[in-house]
Amino acid sequence: MKTVVVAPHPDDEVLGTGGTLLRRKAEDETIAWLIVTGITGEMGWSEEKINQRAHEIKRVTELFGFDSVFELNFPTTQLDQVPMSDLVAAISNVFKKFEPEEVFVPHPADVHTDHRMVFDAVASCTKWFRYLSVKRVLAYETLSETDFGLGTSQGFRPNVFVNIEPYLDDKIRAMDIYASEIGEFPFPRSHEAIQALAILRGAASGFKTAEAFELLRERL
Amino acid sequence: MKTVVVAPHPDDEVLGTGGTLLRRKAEDETIAWLIVTGITGEMGWSEEKINQRAHEIKRVTELFGFDSVFELNFPTTQLDQVPMSDLVAAISNVFKKFEPEEVFVPHPADVHTDHRMVFDAVASCTKWFRYLSVKRVLAYETLSETDFGLGTSQGFRPNVFVNIEPYLDDKIRAMDIYASEIGEFPFPRSHEAIQALAILRGAASGFKTAEAFELLRERL
Amino acid sequence: MKTVVVAPHPDDEVLGTGGTLLRRKAEDETIAWLIVTGITGEMGWSEEKINQRAHEIKRVTELFGFDSVFELNFPTTQLDQVPMSDLVAAISNVFKKFEPEEVFVPHPADVHTDHRMVFDAVASCTKWFRYLSVKRVLAYETLSETDFGLGTSQGFRPNVFVNIEPYLDDKIRAMDIYASEIGEFPFPRSHEAIQALAILRGAASGFKTAEAFELLRERL
Amino acid sequence: MKTVVVAPHPDDEVLGTGGTLLRRKAEDETIAWLIVTGITGEMGWSEEKINQRAHEIKRVTELFGFDSVFELNFPTTQLDQVPMSDLVAAISNVFKKFEPEEVFVPHPADVHTDHRMVFDAVASCTKWFRYLSVKRVLAYETLSETDFGLGTSQGFRPNVFVNIEPYLDDKIRAMDIYASEIGEFPFPRSHEAIQALAILRGAASGFKTAEAFELLRERL
Amino acid sequence: MKTVVVAPHPDDEVLGTGGTLLRRKAEDETIAWLIVTGITGEMGWSEEKINQRAHEIKRVTELFGFDSVFELNFPTTQLDQVPMSDLVAAISNVFKKFEPEEVFVPHPADVHTDHRMVFDAVASCTKWFRYLSVKRVLAYETLSETDFGLGTSQGFRPNVFVNIEPYLDDKIRAMDIYASEIGEFPFPRSHEAIQALAILRGAASGFKTAEAFELLRERL
Amino acid sequence: MKTVVVAPHPDDEVLGTGGTLLRRKAEDETIAWLIVTGITGEMGWSEEKINQRAHEIKRVTELFGFDSVFELNFPTTQLDQVPMSDLVAAISNVFKKFEPEEVFVPHPADVHTDHRMVFDAVASCTKWFRYLSVKRVLAYETLSETDFGLGTSQGFRPNVFVNIEPYLDDKIRAMDIYASEIGEFPFPRSHEAIQALAILRGAASGFKTAEAFELLRERL
């Protein structure tokens, strides 16, 4: 099986699907990472920060053993300024090339606009008659985004639970690579919160630790 | 894989999961039929009707090749008069004995009270710490029930589509066994409506004909 | 009664409301077609394609007998790049001029961004104190859009069913005019899928074929 | 058109549909009142109270000019103790006899269990293949019930607004007949609250006063 | 402030509101425990089990310092067999006597029928014109019930987070009193799961540990 | 307590929170007004209109006794053209400076795009780890916007009711300052509709007049 995780920003892939990706890889599946946004000098980022980000992506790629990494480099926190048709075209290109069977997307109730834009764009790339490879689409939950949605439409309701017991340590190790994104608990992107979420999803599904998803579409 | 379909009344299993069950069987899986209600003389049914129903169940069992059939014989159209704890206990017994991995249940928005009672009872039999065998729970749609729900809570939203192309003819043949339940189109339990639903679900998923389900819980 | 169908792209009016429009016309009502997007040379479309589109619109207009056709010519697949206030102003102009009593709009859960933008813009043109003519607003379903929404908010829940039995053939004939939009089943914009949807909506409402809508607002 | 309002208890018909019924009658339609519950001596009600109730029903019948009144006399506040099949059978009998085209029911999110039981039972009596006369089903709102629902599923979302300007005074007069049910504002069953609701629904729809409904199903 | 927690079964009050109750008490508020179900010899429970339950209730009462404990002793797991009017009357009596300002109820999407019956009954006891004391109603989440709901209506969506940092240890100590209800992780009623839930709710609200609730109604 | 109302346009603060703000002020709380949009000459507004608007803001400020007024001056009716990151940054600045504990926002189901943009932007400014001062976030209802939403996701469901009896007259007086925004009933921004809404919310909560809100998040 070929799996792709669509991450608005680097670190979403770890928070939402880290354990599952490590398990897929351990099971000899092909995994890919589609990073939608990037940071550049024109956007005002320092070279140091840009280099650091590139270094983080490299290390995370190695840790997970990603078979492919796609960087779209749209401007971070400004996806609402990108034409939806450009976003769709770029994601479509990746899907045509990688031909994923399993797709992980952020949840549409996440508080971050970038997450919602990515959700909408990916949704347009899952019609079977254009993307026949896609068999399963699942939304993941992102600590510090999914749990901060204020909206009044339906929030994250997990219906798929994946046992990640052997992989939680490496998931946290992967998160540690993003040193500037992680913080002291009760900050939600922290060791304690990541662990607590894994334990809670495990208690709901009979595993020591688990990741939870909302299945959006599957064709069998 | 061991699959059980929980049918409030005989014929729900055909309408909701007929094609999928035939496919499971063709793929050498073990399939079971749990019929929740029955008809008896004390309820005022004629012996002829009772015998006919038994005959229908026998023929459907043969056609699908059910490995197990469980008849709970609760009074039809009167499940709201059965203590929920009795209903749960009876279904629980079957689950303990058959140890299903995949469970198909009616949708909670169906208009028929029996369907909603069965949904509630099965939901109580899917906690992993009591029914460790259960890996997947899916709600099916029943022509003449799911499409007639008037409620204002969320209706059937399919997220799993199963290719039943080689099996639609046999599904309709199975439905024909229930001669008194099937009618002339536009009656919803008719050849034309069954076919149209299969075609429409197929168009949504890239198959000539399909059955659609709402995944409620899966543990992997 | 004066009816307008708001179509993000030509063919949405056929898929969503073709039978109902033909029936309205047969009943001597006044019907209008508001096409929100268009294709132009500046957007990179060939003259041949542009001419063909114009020809299709002409033929569909004749087939339905539209009393008015309004073409707003906003850029197709790029409505998210159009200021909402421009979109509202353009639709508002049409509503002021045509003074519709019945308005058909795409469903807000459709997967296509253009559809959702159109829904939002039309919603702003239905306040009674600005558009007193509007008596009824209904959302229609569009094969290949409404059935592909992945969102987690509520999907299409039809509550109005219109008998289109005498009109289905002409609806399909109208769809055939859009030769490049229609395909081989199981493609959703196909004869088979259109027919299956009409049959299924009919089975739900007691007609041989029907179109279904979600009533959003009516004042009587 | 033949219209029936299904009232769990006498006074629900006034609160939810009083103005609309008066308008239907003024427009020469046939209107019926189906009262689901009743009070009897066996339930412990005094003869005086029973007589008073009968008198109230008589006066309300006269004021509205009901063409038919059906009293099912199920025990008030105890509908959850009535077999659903009995409730359905009794309502079914009335529908078979009166053959309503338009049906008004309480909203399923009302806080009173009786209201929810009545909703479920009526829902079973609206399938077109058993009750071909039924063309429209609408849920009404009941002051002191609909506005006190605590549930987390979707509440009352009106989509049909009916101008009752000429009828509000008589609606309030009808409510006054139920002297023991009406109270001093801010009690919700009071002149002021009834008037405020009518004004608010009017402001939403362009009428001086209106009643609002949630259309659940219509076949045209 | 006077606070009451309505617990279908003993231990729900600890799981859902343990930390908050301890905090209320520490802040010198008056707290009450309304236990809806009980176990008796007639229901087939052994004297030993009955005594043990009484002992547990005594110890929990002492640990929390409940000012009042109300035991309704309806049959456990069989609330659906109790007339709703009896349930409402019994809870109503307690509310009239204790006059709570703050009420905690189980969530209506919990998988256990008893929880849903209790929710419905309490909802009937929160109308201001009958229970003027009630100022706030909140739904709590119960590990092993709220997280196992399979329904398709909206699940638990917390909007109130209460800091329970100084009280988590005592909450777990209280849970330990119910020796037969607690188990080895990943069982959901375990030290680890209770702690993980508290940490996760804390991460969402800026506290080391927290309890989360869904506010249903408040009057200020 | 420090309270801020975020108003897309001047007058939203009166319609949604007028009574509550007056009560806060009477209770000696600190209140602020954040006006998101403005009108300028470049946008084509006449100097007379601009001056009038400034005068209105001045008078409303005096009437409420606002301790702070923040005018962001984004272009009215065109917030969808403003980068979300600019909108967030501007609101963030105000929140950093004023440090509100209580935040009132428009409802996400309002029909006006500006309202929805403001909701999304404020939602990004309520994460506790960036805006520790924020303790409570509530959505208000705006006559002529909240009641005209056509969407199919969940509408306004009030769960907090605030007694504004002593303040309704001043609320209406404040609204009168916006002479061009108020109209003759049944126009929704009219004395009658404002009064009716206050009465209806009062009837639901036991006050002569009330304002209703939907609590979105609270940390205690």
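Quick notes on this structure:
Labels A, B, C, D, E and F are assigned to the chains in the order they are written; within every chain, residues are numbered from 1.
Simple rule for what comes next: a residue touches a chain if its C-beta (ideal position, glycine included) is under 8 Å from a C-beta of that chain, and two chains touch if they have at least 3 such contacts.
Just so it is clear, the model here is predicted, and its values are computed rather than measured.
Chains touching both chain B and chain C: A, D. Chains that touch both chain D and chain F are the following: C, E.
Most remote from chain F, judged by the distance between CA-atom centroids, is B. Residue numbering shows that chain C and chain F use the same positions for less than half of their mutual interface. Of the chain pairs B-C, C-D or D-F, the one whose interface repeats that of A-B, sharing more than half of its contact pairs by residue number, is C-D.
When chain A is laid over chain C using CA atoms, the rotation angle comes to 120 degrees (nearest 5). At the far end from chain C, in terms of centres built from Cα atoms, lies E. For this pair, chain A with chain D, the centres built from the Cα atoms lie 51 Å apart. In terms of their C-alpha centroids, the spacing between chain E and chain F amounts to 36 Å. Contacts with at least two other chains are made by residues 129, 148, 153-154, 157, 187-188, 205-207, 216-217 of chain A.
Judged by the touch criterion defined above, the protein chains form a pattern that is neither an open path, a ring nor a star, and not fully connected either.
If you check each pair of chains against the touch rule, the ones that pass are A-B, A-C, A-E, A-F, B-C, B-D, B-E, C-D, C-F, D-E, D-F, E-F. Of all the residues in chain A, the ones that touch chain F in their complex are 77-78, 80-81, 111-113, 144, 148-154, 183, 187-188. Contact residues of chain A toward chain B in the complex are 128-129, 132, 159-163, 205-207, 210, 215-220. In the complex of the two chains, the chain D residues touching chain B come out as 83-85, 107-109, 119-120, 123-124, 126-127, 129, 137, 139, 153-154, 157, 214, 216-217. Chain B contributes residues 143, 147-148, 154-155, 157, 185-188, 190, 192-193, 195-197, 199-200, 202-208 to its touches with chain C in the complex.
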